[in-house]
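Notes to accompany the following structure.
We call the chains A, B and C, going by the order they appear; numbering starts again at 1 in every chain.
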Amino acid sequence: MIRVLLSREIRLLARRKSELLNPLFFFLIVAVLFPFGVSPEPAILAELAPGVIWVCALLSILLSLDALYREDFDDGSMVQMLLSGASATAIVSVKALTNWLFTALPLIMMSPLIGMMLNLDSSAYVAMIVSLLLGTPAMCLIAAIGMSLTVGLRRGGILLALLVLPLYIPVLIFGAMAVNAAAMGHDFTGQLLFLGAFSVLTLSLAPWAAGAALRISLGE
Amino acid sequence: MYPSFSLTGQNLALIRGDRLLFKDCNFQVKSGQVLHLKGPNGAGKTSLLNLICGLIEPDQGQVTGEFEDVDSLSSWLSLKTLYLGHQLGIKSTLSVYENLAFYAALRGCDRQQIPQAISAVGLQGYETQLAAHLSQGQRRRICLARLLIENVPLWILDEPFVALDVKGQAWLAGLIEQQVERNGAVIFTSHQPVSLSIPTLELSVGV
Amino acid sequence: MAWTWFFRLGSPKWFYQIAARWQPWIWGLTAIGLITGVVWGLWIAPPDYYQGDLQRIMYIHVPAAYLSMFVYVVMAVSSAIGLIWRMKMAFSVAMSCSPIGAAFTFLALVTGALWGKPTWGTYWVFDARLTSELILLFLYFGHMALFNSIHERKTADKAAAILAIVGVVNIPIIHFSVEWWNSLHQSASLSKLEKPAIDSSMLWPLLIMIVSFKLFFVSLLLPYLRNHILWRERDAKWVEEEVKS
């Protein structure tokens, strides 16, 4: 069933290839706002870089999930899937997986570019990529919970951010701190372990919560 | 022939927003029966269908079922029911064939039946057309094709005769009769009068 | 026996009437507790060695912070009860807790800022406790916002309930993360805001204040809840009779 749902998501995305680029440009643009708003001085940028990259990744993942849910909800496909043998948990898990594969992974691949623009210390690149790899699954799953809760609302975007961003704070703290530690030459395995553990915890609990939330939203 | 089953609703009441839609609603549908929900627009027919499907919970009363092959009502409703409502669930960027193949795969049905079904609803030649290029009526017919492909014992149809011409209505009536012959069941709503050559249970919905 | 009481509690009408009888007693106890605690804490207890009388804010700040989390837990537990046992009353409790909990959180933040100004020279610092309280305030706001955005009440109840449960699982994680984050950037003066190694002359009034705040929460909750029940059940006959009398 996961395979059927996933291949459908991929097929739908393939018909809208240009939309895949949107989150990436968003990531780039918001990251670039910081030198404009703060200072273009390399030393200052280097200090900001870990946090800025993490915050931008966070926002991009959150906003890109809407595209995966909106149309399916509006045209009744979600209800149909639920009543055609797919469980709510499977539906949300596949959407979170799609979000991770087609937004988070490209983002991670683009992060060295942003790192270079923000003068990230060269010793921190590995930490940045690994921390993003470990933290993005949790972010996609938490976003799925928020999205499932707000998909029925007409202007759910801001509310979605309000609900999900506080829950993102632990991932942000440990992710950015991992990159910071690496930039300063310290050991960062502790932070990575936390990120991994948090992602595993989220993986075990979030699909259920998001599935329950989706059933509730569809019932409205 | 489908294994026997029965679906019973007892003392159902539903409030949506601040309005009481219906109360003391009772029905029973067994395999081989057709239930026609009647009532004016806004009476709550669609809400009752949603309730039967398990999408909404009643404010009072319950829906129970007895089946031979599946344990719980919710999994039976998901696996053994086909719900066609106002929202079609057809993706515009997928072709007619792809839309049908998806639902067939989800339900584990044989894909070989798809070309025949597409012809039966009058969409032959449109298999690879994206649904976006079809008219609303043609898209509804894609949904009707699902009735032919996915073999499920219970059909729940919300206003299926609307937007069909006389020939189409007769064709659908024939489909319903065939479903009954297979020991399946059909629950449908219609605010127009409908004539089927088989006995139909009727329920008027509303306060 | 205990179970019947539990399920009776789920009846809004029964709760409304019982709560009416308990209310005056709870209010009385709360008043006694608060007055005792305030007088003891703000006048009788000895001043702190380093901070002097300023430190007395602790008698309000610490109970407020403690309550802000206690109320969230109550909210999450009643949300879970509502989802599992399908009790409308449980959802009413959860929705009523939200604004009260947010108020306690806000109180903790304000008293924290007032405490901080003379100590650090600024109203706001990203100290571990204050930051956690701020995030908790966001969680409360999110909960209230979600509940108020959904038109269908049954759906709103259940959606907010799921959010409350997801939140409560995250709160310890958020706490731990913020403490750790803060410890990296800690400077010595910030530790003043943490609970000091506490002498019994200060401990007693603090405990009394904590218990009184708990009673205060219940005394706020009961009328709020009774009001909420009247609104929810406004189509029921017993409500008509109640309002007429």
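One rule holds for everything that comes next: contacts are C-beta pairs under 8 Å (C-beta built on N, C-alpha and C of every residue); 3 or more make two chains touch, one makes a residue touch a chain.
Keep in mind that what you see is a predicted model, and the values were worked out from it rather than measured.
Counted as hops between touching chains, the shortest connection from chain B to chain C is 1. The chain occupying the central position, as judged from C-alpha centroids, is A. When every chain is reduced to the mean of its CA atoms, the largest separation from chain C belongs to B. The mean-CA centres of chain B and chain C are about 48 angstrom from one another, to the nearest whole unit.
Averaging Cα coordinates per chain places chain A and chain B 37 Å apart.
The mean-CA centres of chain A and chain C are about 32 angstrom from one another, to the nearest whole unit.
Residues of chain B in contact with at least two other chains: 57.
Annotation for chain C: residues 151-152 touch two or more other chains. Looking at chain A, one finds that residues 219 touch two or more other chains.
Here chain A touches chain C in the complex through residues 145, 149-150, 152-153, 156, 159, 162-163, 165-167, 169-170, 173-174, 177, 198, 205, 209, 212-213, 216-217, 219-220, going by the rule given at the top.
Chain contact summary for the complex, chain B toward chain C: residues 16-17, 57, 59. Residues 151-152, 154 of chain C are the ones that touch chain B when the two sit in their complex. On chain A, the positions that touch chain B within their shared complex are 1, 4-5, 8, 11-12, 15-16, 71, 75-77, 79-87, 215, 218-219.
Residues of chain B touching chain A in their complex: 50, 53, 55-57, 77-79, 81-83, 85-94, 98, 102-103, 105-108, 150.
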